[in-house]
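Which chain is which? They are A, B, C, D, E, F, G, H, I and J, in the order written, and residues in each are numbered from 1.
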Amino acid sequence: MLFHVTMTVRLPHDMPAAEADALKAREKALAQELQRAGTWRHLWRVAGRYANVSIFDVADNAALHDTLMKLPLFPYMDVEVQPLCRHPSSVHEDDR
Amino acid sequence: MLFHVTMTVRLPHDMPAAEADALKAREKALAQELQRAGTWRHLWRVAGRYANVSIFDVADNAALHDTLMKLPLFPYMDVEVQPLCRHPSSVHEDDR
Amino acid sequence: MLFHVTMTVRLPHDMPAAEADALKAREKALAQELQRAGTWRHLWRVAGRYANVSIFDVADNAALHDTLMKLPLFPYMDVEVQPLCRHPSSVHEDDR
Amino acid sequence: MLFHVTMTVRLPHDMPAAEADALKAREKALAQELQRAGTWRHLWRVAGRYANVSIFDVADNAALHDTLMKLPLFPYMDVEVQPLCRHPSSVHEDDR
Amino acid sequence: MLFHVTMTVRLPHDMPAAEADALKAREKALAQELQRAGTWRHLWRVAGRYANVSIFDVADNAALHDTLMKLPLFPYMDVEVQPLCRHPSSVHEDDR
Amino acid sequence: MLFHVTMTVRLPHDMPAAEADALKAREKALAQELQRAGTWRHLWRVAGRYANVSIFDVADNAALHDTLMKLPLFPYMDVEVQPLCRHPSSVHEDDR
Amino acid sequence: MLFHVTMTVRLPHDMPAAEADALKAREKALAQELQRAGTWRHLWRVAGRYANVSIFDVADNAALHDTLMKLPLFPYMDVEVQPLCRHPSSVHEDDR
Amino acid sequence: MLFHVTMTVRLPHDMPAAEADALKAREKALAQELQRAGTWRHLWRVAGRYANVSIFDVADNAALHDTLMKLPLFPYMDVEVQPLCRHPSSVHEDDR
Amino acid sequence: MLFHVTMTVRLPHDMPAAEADALKAREKALAQELQRAGTWRHLWRVAGRYANVSIFDVADNAALHDTLMKLPLFPYMDVEVQPLCRHPSSVHEDDR
Amino acid sequence: MLFHVTMTVRLPHDMPAAEADALKAREKALAQELQRAGTWRHLWRVAGRYANVSIFDVADNAALHDTLMKLPLFPYMDVEVQPLCRHPSSVHEDDR
């Protein structure tokens, strides 16, 4: 099942650089692991903003929530979720 | 180049059904043509709303505009556009 | 899977009363059918507004969308959807 | 009487983890007590966000307020309240 | 139980004056009846706008909803409802 | 002259409890003094939020401003003011 | 007493030109009469919009409301009102 | 003096095509005349929307207003105006 | 040329009182100097809020910007600017 | 390709002046370098606010993002991006 997720990151200005870098590194590692697993199907950067638009392919709502809550940057994110489904005009078989 | 486009459709309540159906049929035909051409890379329905989230792959801003303006439903849409680019954590080569 | 759906209805002022009543009757019939089927798990009126808050229990996003699109009042609704999942503090087994 | 309550939690980033965990533990204990008492009738997690949607069954507005004010996380919440009542299309007897 | 209700009225511009006047007359009659009954405890005009702020004293949410739905102008109103309760600093006994 | 005032209080999380309690005690004392003087005509708690809705009866705008600025909690409040006047449907003589 | 009033005018597109012109002529006549009377103290056009910002000098809220309700364009306006009072840094005696 | 103006056009759906085309032709003619005169310094299309972002170079606010009010499409536009001035980091002499 | 400026002041809660008072004293001195010079034509307090509505009479946008940037409280303000011009119904000669 | 970018800067109040000045100096140097390179085509100050409106001329979305992310003030900015393209009424050849 597909979910459209927008994540806007706001790190505290006074967070030490080393701590921020470590956080981002852990975030990147988990994000890439989830992409290779097919869970995090698409991950795009919104040009000009510390934000991304992503498409998650998960079993259900709970799986989506558990996945997002595990992201190291989650506490510093504003997250918006929209459930997606196959568009009647879509030519793709697997965009269910 | 990728663009994230959200389209919310609001057809006038008093539009005759036949006219609306014809409009939607023309919209579907063009949407499918653009998807097969690779321009309209992704087209998903937002569950519960007469709206879609789409990813367009076009040469530049002008190409995006021309493509959207030709959609039969364009005059009845609220459209939001966000330019996308490759996320540093993306494992996909072509999500540029 | 549970979805939180808010529906605000705005019927055109110039819709003939008979047409509106027929529409509402068909809406009520379908709503009650869906409730008895367990799909429309909860349906509450928001006091003071022509709006309701509902909880749907469906297989996935597509099932939610198909269900909502079939509502006779759908063309006259503003719909907001939030995917729900089980809260870690919930004492209920089936609020998955 | 039923009230629809949306709670979005924003803990300060610099709150020590131990303090946050203790706060959440006390919140969970009280939430479960209220659910078993029937006051907190439904508690769902909004997928992807540190927020919940709840249905409270209380005697009146004052009871609702007193209940919410006692929640340990209350000072860190944005709360929205909507009074609910029985929907004319509801098939449930006790969703008054 | 007290509810704070804001009503903003938007009559269609093309409604015949006679129809509008009749509607307003019926609204005034019912409003005054409800005030004398103690249900509509306070009714103030918001200076500069076709809107009012009111305090309703009703048994519960359902009573509030039924009362508001019967207002002739209800279909032409945007209504916002906030449940009220006694403020700990209030010196009034009956502002429960 | 009547003014509708909504006050939403946001105390800093790191304010020492003793300081907050002292502030609230001074606020309560002044609020009760103003109510007994008839200036603060109505004070209701918005159920579920650290906010109140109040009706002030003052000579003019300047009197309203001076009154509100003296409230100990004023620096920690978001305040919205709406001037009220007698509604043509009001049955009360003194709701001028 | 001074009030800050923002008026944004939205005439229906299908209003006959003659009717609109007559309405505007009556509006202008009354506006100028009120200015000469000192009630409508300032009237400025917001550059680029069919809107004005005005300062009214009236006895009280009711006087403001009655004045605005008599404006021929009132039914076609969105009106925002802010009560003003003398600023402690003002050098003007009469900007009370 | 430079002004940043955003214009979003919303033509009524039921406007006859011929009337709309004539309106747009007159708009284009005036827009090009103003550009050649240097008044309308920049005119860009916002990709994906029937809107433009423009920079006007005019003597003062009144000149801006008179210019915009003469646009044939003005009655069908939402207009936002921001006054601009030379940025301290600008390398351009004439972006005053 | 006239500009409508709304200034909402938000001083940090933890700013020492002495520092805040000094800042306000410098602000008052400059504000009064600008009023006597005719630049700051009107300065009103918005009743109930730490905000003012002002009318500035300056040569152009740059002069407005330079004037506002010099205000000691500027870093702590949310500022909204609207360019004004003479209203066709104004009876005042100098409200250009 | 042209992009319309609005940047609103919010430096933390407690940032030492020297650090802020150094940050601004680096920002200015990079901004001027980008302007001379033709990347940052227009840079205007929004009168009355610590914000600018800019037009960037870049190869694609990724180039825009990389350019903005390198700005020293980027972490302290709210950024809004709109893709632009040539307006059909534009008389300028190079406003593609």
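Quick notes on this one:
Here is the rule we use: a contact is a pair of C-beta atoms (placed from the backbone, for glycine too) under 8 Å apart; a residue touches a chain by one contact, two chains touch by 3 or more.
From a predicted model like this one, the values you see are computed outputs, not experimental measurements.
Common neighbours of chain G and chain J, by the contact definition above: H, I. Least step count on the touch graph, chain A to chain H: 2. Residue contact pairs shared with B-H exceed half only for one pair among B-C, F-G or A-C, and that pair is B-C. Looking at F-G and H-J, the interface holding more C-beta pairs in contact is that of H-J.
Chain J has its Cα centroid 28 Å from the Cα centroid of chain B. The mean-CA centres of chain C and chain H are about 44 angstrom from one another, to the nearest whole unit.
Multi-chain contact residues of chain I (touching two or more other chains): 2-3, 45, 47-48, 61-62, 64-65, 81-86.
Pairs of chains that satisfy the touch definition comprise A-B, A-C, A-D, A-J, B-C, B-H, B-J, C-D, C-E, D-E, D-F, E-F, E-G, F-G, F-I, G-H, G-I, H-I, H-J, I-J. Interface residues of chain E, counted against chain G in their complex, comprise 11, 13-14, 45, 47-49.
Chain D makes touch with chain C in their complex at residues 2, 4, 27-28, 31-32, 35-36, 42-48, 52-53, 55, 82-92, 95. For chain G in complex with chain E, the touching residues are 3, 5, 12, 15, 61-62, 64-65, 68, 75-76, 79-81. Of all residues in chain E, those touching chain D in their complex are 1-3, 60-62, 64-65, 81-86, 96.
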